[in-house]
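Chain lettering (A, B, C and D) follows the sequence in which the chains are written, and residue indices restart at 1 in each chain.
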């Protein structure tokens, strides 16, 4: 241990160096798990080193040169994570891609990044890469992880992961090769380019964010220290590997702290796999927490009366005292006792079902989380926190320190991060994590990062009196209505999205007379409701246009309007009209980003007719929309979309006065 | 993957070259009481092909499969499999020789889970004696784990991870069919008989199942004989098609030949589909 | 609710297929074993051991045996009583012929005799199924009963026609006979039952058990998977009869002390069948639950009037007992045809998904 | 050699040398065969219409007989008691259908079988509670059944026919004929037959499944009552009869589970066969072979013809 302490942490600057260190200090500790063939296959740090070394040397044998790019395409698989380190160990730069993007999107990134090798998870991804054929002028070799379906492929440049590793093993027979490899790693410097992450960007082509080892290592080290992460953490890696969050949580922080990363079996089994692993640190975008909560509420609807009453009683109790207990505040003996019962009867089992029993720290970021959702988890005794981050910052811009958790802020600046708010309200930051630049795009780099290292976030926000940052909306999205009142679409959307029945909302109102919204119902939740109420439907479209569903949506909108009328800043943007869209917003159709964010401008263009209908007073509108099916085929659906008026409330002055007084 | 290597091994051990006759049926006749189910039918199945048997209801298709795997004993005719002739054979002997099958109306072991069902397909490959079975230790345990691994590869192959521990009775029909295919695959058969593998499925499920059938054929090298009603599916999948009508063979050939055959058209016009 | 499974993950197939993969269940099993081996002998009085625990365990073992045949291999049998008798008579003959051999060995050895007899009567199961098989096993039952009466050699020509358990000791402890203490007998029975239950469980989850269940669920498909019906069915008969035989031997040697043919009559077959059905076909756990229910409930019913201070004629109680058991069987079969074990697993599932309904 | 002689030669010599005795044995066998047949008939009725293997048929016989005797003991005239007993069997049938069967639609056979065993236990307890466990005498004379006997001289010897036995045979014959008419000529009867083949078809006749079940259980109850009277008149009315009733099982095997003629023929074969065996071969084995002989016959029979004498050949399909 003494050796480990001597060499630990601060002296190292690259992940391959950390790998060597971890293999030494945590040799027999589990570094990676993957549920495969029904059980959790495990690799210790020593084994991980071995795997990485063989693959790395195999790549070298195949001719990978320092500075060359290797694309990683696939889901969260140990071998893809090993690829990161294997490539980095010989000076290459890994470029992870979103595996659900279509071939053309991939082609752009592969070409732009000048990737010479592609490491693919399976046949599906290999097919995509092969289908681009000649368009990929740099790509030389393709390596795949899962051989299924690839037996009959006879391309010369196609190799299995094992074959490459076998080459590495062969090379290792010469002891000098191994020594050279280690020596090569030793030469790695913090300033070297570590990885390129393509941001899926709401507009334009994706940009390749170049991050150096220093960016990532320092950010990871700071983050680990901030939440006291050590080698004992278990995390579950289920978010896209191309996303900076996953890269930092499941790779950078894991290597720096030496903790264990677990890969689920498949997308469908993620919930079950999370329950099995029970991560100690869990990151999820608000959407995941929302889905979980919706599932809970839907299931509880089906529970017996007594159970439901019990659930409601204890959830009420938790709402009152749960968070205070979590924050370490003083709570009465009776309340504590009740909380203890609640823990046995409700909170504990709920956490157990969600697989969050052992969660020490949880983060949510990427979007505003509904305050009710956030409080729900907090009140169960789960230390869920918010952070605000960006790819360009190696994630961390702000984070909530323990004990200072607010549902509507994103916390204080993270360690070593400086923040400024400019005149227009946009948030700027400067930190060691700030990216090197956009790959082959100096123009974009310049417009985002100034010469002093300050980076524009593109988000509008302000510091509250406690020094916590509050993000309202994208800076460019915040607008004004014709009457001059403030219009922050996301604010309204988030309020509506809190209802479990509503999955997606797009609000309009900038430069308009009033605010109006598109709604997407949540098929799981509403479908369940329909089943219970004997409402039959054949498709999403049919359910969405059902009068009873409309009635339900009207109630929700009404509720939001009533809320808004109580807040004098936002009262002007009450929803006057709404419609329920005839199709689910879908990333395949370009309506959502790959991280499932609404692409407002695209939608505004695509559904222009409907927006016009919202504002011209018509009661329904016939539209035809092109859709992309899962297999890539195109088709179109048409529908007569109904538009409803919602009740608008006068500004409740009393309420606002009271709030002001508080 | 293990499945591949084992299948490849199975492929070579019978010494039959790809494309050579794997199964030969000569002048088979089968009747129950006075009802003639099959009349003087001869055909062959070649190693590595997908062979379809089609025909209207009651044409004797399922009976033919039953004859091939020893469930029915034909009154006349000879069957030779892997070059060995036989007249009477018990189903378990057919299984031991490498013939597996699925059933028209899913015949899963309903009291067991998906995993156990597929594990059941490994029965022939497991040999540890009673003593070790009693202890569930040592060789018996090792054997069990070894085969569990193979079963997991099949589960992976058929993408049924999520229902691994679900009792099969609770599964929707389409998945049950998939589990049944898995169970047959677990036997690592030389010849796989599929009795209407896509019956009662929706389009998407049919597409999935077709893909699995093709994958089994191309990746595991398994020879497949299948009965199917959906002509589109048959034409897409099969290398050769035999048509039965009222127990008699009325056509045999490539999908295109069969489709153009007047006798086949007549038979199918007689029975609307 | 009590189950907190988050964080319990398996890294090997062995762990995944363990008898009790859930940690909380493992705890419960160890707790039950501790109570059975330590708690009960310390606390239980002679009545409790003699009249409740010992017979309960013995019947539970017989139920495990019948469950193997009926619940796992799907072969209905009404010959359990007779197979138990074979074990008892075999053990009696063995220990009188070889008085110096440890009685526990003899008890286990007697199981082989009933296994052999069971296989013989199991032969028809290759041709016939279901209720027809019931007749076969009834034939075994009545034929064997007749043997127990007519073949005087079996009971050493004892004029009373009964077998009387001689005193046997091992390592200075008296194990059988009138002077054996209830605690000794209880611990012996318990040990044998625990070991044999464990073995039964092992067989069931292995290749052989699977072949039984295959035959049970879909015999045609089983045969097409290469399971030989002969092997599967006869092995089920053999193992099942072995268990019944051992249970029968223990019944006489560790519980009754003496027995004649009435102890193995068709009513006993029914009794065990009830235990199996009520406990749940195809569940070892169920066998124990069923045995407890059928054996202990009547004792409670008999005792109940006394507790609440009502004098009821013994015969009346007995009649009420019959009615109640009959009624309960009907009741349970209506509410849950799969027996107590299914109720238990439903309850367990509810606890696992608590507070959700599914 | 001696043994072979005892098995294969001696019994036949004995038969031939005492033909009158043989005739007497056969008659006795015929009479007990009639009773087996009657019990089997009860099974067949229920099995045919509902697929339920009614284990309780035996106890229903006892219960019916006890009811009759018990009612008469209360001072009710025999004829009225008989009608009341019939009414009680009807009540039992309806109760069984309402309380039990209705809730077990579509359950596996073994469950229904077990339920009837539960019913057996319940009826045993109930019967003993109400009527007491002691054997009782049947009210033979009060019911107007003949007693006494006629002696015939044949084959240089005598054969004694009990009048009661003759009556039993005649009544059984009448009952079988009656059932045959009921099944073939009446609307309900035809529905019952239909339901055996196809539940949907039965529904189209306009009779609910529930009604059909109640009716067959009632019919089985009447058969049980008749059996009880006959058997009770020969021996006593006691619960021991219940075990004897298990003899109906081999009868069913011989006759097939769904065949009424099969039940009759099977019953007679078993009845006469076991008497013959007991008398001529039983001594070799030390006697008491009646207890199991029937089952062994059935067993041997099963191995060669699993579907019974009158059952249809089963073709297994996959």
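The working rule: a residue touches a chain if its C-beta (ideal position, glycine included) is under 8 Å from a C-beta of that chain, and two chains touch if they have at least 3 such contacts.
It should be emphasised that the depicted structure is a prediction, and the values quoted were computed from it without experimental measurement.
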* Chain located farthest away, centre of chain B as origin (C-alpha) -> D
* Winner on C-beta contact pairs when A-C is weighed against C-D -> C-D
* CA centroid of chain A to CA centroid of chain C, Å -> 56
* Structure fact -> Here the gap between chain C and chain D, centre to centre from mean Cα coordinates and rounded to Å, is 33
* Structure fact -> Cα centre of chain A to Cα centre of chain B, whole Å, reads 45
* Structure fact -> Averaging C-alpha coordinates per chain, one finds the centres of chain B and chain D separated by a number of Å equal to 48
* Structure fact -> Flagged in chain C as touching 2+ other chains are 12-13, 220-221
* Residue numbers in chain A touching 2 or more other chains? -> 38
* Asked: In chain B, which residues are in touch with two or more of the other chains?
  -> 71, 103, 107, 148-149
* In the complex with chain C, residue positions of chain A that touch it -> 33, 38-42, 275-278, 296, 299-300, 302-304, 307, 310-311, 344-346, 348-358
* Structure fact -> Within their complex, chain C touches chain D through residues 76, 124, 127-128, 130-132, 134-136, 138-139, 142-143, 145-146, 149-150, 220-221, 266, 270, 273-274, 277, 281, 315-316, 318-330, 333-334, 337
* Which of the residues in chain C end up touching chain A in this complex? -> 1, 3-13, 15-16, 353-358
* Structure fact -> The answer for chain D against chain C in the complex is residues 53, 99-100, 103-104, 107-111, 113-115, 117-126, 128-129, 133, 243, 246, 249-250, 252-253, 257, 285-289, 291-292, 295-296, 298-299, 302-303, 306, 316, 318
* To do: Using the touch definition up top, name the residues of chain B that touch chain C in the complex.
  => 69, 71, 90-92, 94-96, 100-101, 103, 107-112, 116, 119-121, 123-124, 126, 128, 130, 133-136, 140-141, 143-145, 148-149, 183, 187
